[in-house]
Amino acid sequence: MITHTKLGVAVKNIQRADAEIIDGLAKVGAATAHEAQGRIGNMQAHMRPVYTGKRIAGSAITVLAQPGDNWMLHVAIELCQPGDVLVIATTTPCSDGYFGDLLATSAIAKGVRGLIIEAGVRDTKDLQEMDFPVWSKDISIRGTVKNTLGSVNVPIMCAGQHIMPGDVVIADDDGICVVPREKAEATLEASIKREANEEDKRQQLEAGILGLDIYKMRPRLEEAGFVYVDTLEDLK
Amino acid sequence: MITHTKLGVAVKNIQRADAEIIDGLAKVGAATAHEAQGRIGNMQAHMRPVYTGKRIAGSAITVLAQPGDNWMLHVAIELCQPGDVLVIATTTPCSDGYFGDLLATSAIAKGVRGLIIEAGVRDTKDLQEMDFPVWSKDISIRGTVKNTLGSVNVPIMCAGQHIMPGDVVIADDDGICVVPREKAEATLEASIKREANEEDKRQQLEAGILGLDIYKMRPRLEEAGFVYVDTLEDLK
Amino acid sequence: MITHTKLGVAVKNIQRADAEIIDGLAKVGAATAHEAQGRIGNMQAHMRPVYTGKRIAGSAITVLAQPGDNWMLHVAIELCQPGDVLVIATTTPCSDGYFGDLLATSAIAKGVRGLIIEAGVRDTKDLQEMDFPVWSKDISIRGTVKNTLGSVNVPIMCAGQHIMPGDVVIADDDGICVVPREKAEATLEASIKREANEEDKRQQLEAGILGLDIYKMRPRLEEAGFVYVDTLEDLK
Amino acid sequence: MITHTKLGVAVKNIQRADAEIIDGLAKVGAATAHEAQGRIGNMQAHMRPVYTGKRIAGSAITVLAQPGDNWMLHVAIELCQPGDVLVIATTTPCSDGYFGDLLATSAIAKGVRGLIIEAGVRDTKDLQEMDFPVWSKDISIRGTVKNTLGSVNVPIMCAGQHIMPGDVVIADDDGICVVPREKAEATLEASIKREANEEDKRQQLEAGILGLDIYKMRPRLEEAGFVYVDTLEDLK
Amino acid sequence: MITHTKLGVAVKNIQRADAEIIDGLAKVGAATAHEAQGRIGNMQAHMRPVYTGKRIAGSAITVLAQPGDNWMLHVAIELCQPGDVLVIATTTPCSDGYFGDLLATSAIAKGVRGLIIEAGVRDTKDLQEMDFPVWSKDISIRGTVKNTLGSVNVPIMCAGQHIMPGDVVIADDDGICVVPREKAEATLEASIKREANEEDKRQQLEAGILGLDIYKMRPRLEEAGFVYVDTLEDLK
Amino acid sequence: MITHTKLGVAVKNIQRADAEIIDGLAKVGAATAHEAQGRIGNMQAHMRPVYTGKRIAGSAITVLAQPGDNWMLHVAIELCQPGDVLVIATTTPCSDGYFGDLLATSAIAKGVRGLIIEAGVRDTKDLQEMDFPVWSKDISIRGTVKNTLGSVNVPIMCAGQHIMPGDVVIADDDGICVVPREKAEATLEASIKREANEEDKRQQLEAGILGLDIYKMRPRLEEAGFVYVDTLEDLK
């Protein structure tokens, strides 16, 4: 299977994870899925929601776009199915506004759940009113042209993560997690286990029991040479 | 006409665009005006609204301030008229809080519509409560001194744009667009045409017609050598 | 007294400022306290509230954490008292999510008022629902490990400020100010004087009197060589 | 084949490209290889040589390291063969000095040709004296610990590129290009063709013939609506 | 005169400053010219020489290029005369390599003295060997396309400065200064005076006389309330 | 002892470490001293030498300067003794050129060994010719004024480190390390021990013995769950 990208091509048919599994991952959220799949898959922290309060998951329709050029987004929307999420990377860093209310109208008509783009968007007020969630690196009034070829549904690198078309992307106020399609089911199972485990800890912490005791950290601290002193004067 | 800046001077009388045109530009917003005047005039994307939901336009009262020094803002406010917008650049990048609730009180008393500053502001909660919209690069508690001369109503460079006093600035949640005074009327006309045109496209997109077809992109894609393949395996 | 930091140690007992003084400083806010203590103590502007609308002050429980490692936060929480604020620096810049809903639960159980961290946090929606205010450099889904020793209640450098355990930290929508414990009372007094003084100025500015006149700036401008001209043409 | 990464594992045997092809790619350099394989594969521009004047290519031994932790580099060196290049990514952005003269001594003993690391290095003067070329994001005196597991010879994302162990990396003063192992031969061939073609153009340009004419750009400019005017006054 | 930019146009004839004045400005250098014209005209500090040791001045041939697109550079070179310097801005921030050895060959054939670009360049080793000085924001192997129109010899904004075609640009190891054509002569005169004045001060400083005394700072410090204390203990 | 800073004051007499110890620390360099004093004291990696190849240590004369204002440097130079190093922080981030050939002439006349400044410098070519080493955040032609008070020989925060006047600063091509005066002797001793230890390791590594074996890492890796597999296929 190809793992590197290529320009000037669109892949029409991609495999997707099971819809129920995707919806389950939306429920657990990006941070839990990230831990559950072994502390990997997190996009970099410069990706922020355009407006807060949304938590989505979907199958990635990947787009590799040229700087200042959103031609490929039109190609991508045709290939979207209900439940998909557009994931857009650029061939070189760019802050332009690739996506606004018109493309959102088209994406909503196709059942797309949201947009993740390591570049800029605009019409942000409209996007919120249309209830179309977007995560981006920038917000910019500067629009784009349609002159240079990129690709759709090829492997891309977005915000530090490698994404194959059909991988599951989970996005919420905390950030974005990429789960490879083949690992989606196992990650959901591990996430649910993790959440159950956390609930128990939350109750203990609420009752005032310390993490030091719940996680049995005291002996490890001592073994590592950690020292308690009474006052700052004792540091001399 | 001078196009480069100068320190230690204030220009008392500037020409402004017609009030109706300015208000028309406020209605179309920064992104549309940017496209309508030929994809130029956008300030850089690091300029963000201190609070969202406002859309304004006004005549630029320009200020060139020294780092950490807001002396010139006091000079500028005297020269403001109702409908003006303060646009502040610094001689060197600075994140200090040049503007807070006291200066906002004074600006409101003069009928100023808002502030655009490539530096920092403070008292942000007060600014929102006073309904005085601000776009800035930073928010900072660090105030400024009044020791070193800058200028008022000279040409300035702010967030990547050259601004003459009296140019129209349009600012909203998406960013800021500068329209030269002499081009304000033509830009408004082009903006209104553009909006009408967009409305038609929006309805087609809502109905599920693709941008690929509305914009007749398929032949251009083919001509450029764009290729569709069935599956990822076909990329080998 | 030690002023430099050290790894692998926690100081159990620290001195705190008077509770009434701390609460007074919370009321005046970060910007006023910054001016009142002589224009020093401001953390850098990249520190932002995770959600807006909160204004707190408290005694700093300082944490020096290793990159991607939140072990020391568990040590720190045990040493917190009601009214304290956790202030966390890292030994090297890091954007990971050191703190989420579980640690917030534990901190709330101990009466901690909030968190200031020059790194990342996660579970931001939960933090807001729990009404636990946080100021951070980043928001990130990427969690941390518990493998490498840092320190608790040692002097730290956080966002450009030196902080001793027990110093007062004041945080609001505008940013964060650090007030040394020994200067807390004097800073509060100066802050209150400043506020009274500002109220008088606000009324004059509202009435349309200019800062140029209130602060008697006109002679100083003239003395510095500042020049008024009629129009841009006069700049030639 | 796995395309996503995993923590806590080392792959002992990887496939490498043909030595002659690798050496050929070193000769053409990073920029030419980038163009020749279709304008892809370039690492981001924040990766810079520690000292200039070197041009290398080699098979990537990939390392995924934790922040502030260089444990995995020791694992990686054992798996290196003469002609390899160490390529190191971190699980989260970090500027620490992961690599210095001791590790360079060990790498040289194994025949490693150089190091590419999206983090920091130190002992830069020694590295130059040892003639061991390094490309990095940072230079930092801050060393690392050996506490938390990463991986060796798994797929990694480094400076915006996805790299499989055994891919060819080409690095020189202009930057770094990643060529997938399976595409190395074709890329070399295309590079050599490109160079021949460039030589002819260079001679024409030296003779004063314009790119406008060599590349036949004039009709395309006219078709795109490009306009020549005599003087700035004609832009009014 | 137009002061704002426009896309899709080239101005064929521009006015240039006197050759002797330009060469005089090259001799005094960027920092001195900056002071001499009143502390304005400095490009931002992220512009760096690709190799050090060069000091040039020339008449600006301005280029406004689209992101990732160097089409306009070919248009610009035709309009260059011996003694000119290419000054290139982009419509949106971009780090791609717009310029390499082929374009340098063409520029040298036309007598161009150097290149200033707020974007990237490549073939840096060749540029140094060809003795063609370049100042840029980035170095990047990623080349560009020729698909979208920009402009040549229109007013541009580059690294925080507004530049008219024909303005004098001075560049050396310290940075870049823009001097408006009409102010070139006066700036050269002021620079020469300044240099003479500095020579006298240098001799005094070498002899151990303090700046405090040469510039008569002691009374001003006292007047401003500056205080000397004996030891750190006196700061309590 | 005061640990926080104050504006408008100079401390005339400071304690310095022993000259022999300082010279010893210069010999071991910044990275070794950083490790030897417990992995603390490193300034952030954005501080870079203006020219490479120098390694110095000296007693810090600390300066807190206002943005764009180098008045305090003149105050500081009077208080310098042979063997001192000027360490300059600003009250807010600033990239201006605070220091050039004239101040360097004055500093050399006083026996100052070098300059460390978290801001900009200029006349860099002269500085190298005068053999006066400088580490800075920026290089900038933009000079400064002398209008607003800062302080000299007060505690400062510079590039993430807290520095007391008289602390030892060590700077070389890798970066800068701050060693508190009281810890200078112990740090030198630990550094020398560390170097001896490293020499032995270097010889083993040169002989091809692996770090895995020298540092006995294999059992720790196994205990942590680290796994070796044969090929990438085994990762499925």
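The letters A, B, C, D, E and F name the chains in turn, as written, and every chain counts its residues from 1.
The working rule: a residue touches a chain if its C-beta (ideal position, glycine included) is under 8 Å from a C-beta of that chain, and two chains touch if they have at least 3 such contacts.
None of these values were measured; they are calculated from a predicted model.
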Subunit D and subunit C - chains in contact with each: A, F
Chains touching both subunit D and subunit E: A, F
Between subunit D and subunit F, the fewest steps along chains that touch one another: 1
Interface sides of subunit E and subunit F: same vs different residues, half threshold: different
Distance from subunit D to subunit A - Cα centre to Cα centre, in angstrom: 27
Rounded Å distance between subunit A and subunit C, as computed from the means of their C-alpha atoms: 30
Subunit A and subunit E, separation of their C-alpha mean positions in angstrom: 41
Residue numbers of subunit E (touch at least two other chains): 1, 6, 39, 44, 91, 93, 95, 142, 164
Each pair of chains that touches, named by its two labels: A-B, A-C, A-D, A-E, B-C, B-E, B-F, C-D, C-F, D-E, D-F, E-F
Subunit F - residues contacting subunit E, complex: 1-2, 6, 8-14, 71, 73-75, 77-78, 95, 97, 100-103, 105-106, 109-110, 120, 122-125, 138-143, 146, 149, 153-154, 164-165
Residue numbers on subunit A that touch subunit C, as the complex places them: 30-31, 34-35, 39, 42, 44-45, 48, 52-53, 172-177, 198, 201-202, 205-208, 210-212, 215, 217, 220-221, 224-236
Residues of subunit B that touch subunit F when the two form their complex: 66-69, 91-96, 140, 142, 145, 147-148
Subunit B-facing residues of subunit E, complex: 1, 3-7, 38-41, 44, 91, 93, 155, 157, 160-162, 164, 178, 180, 183
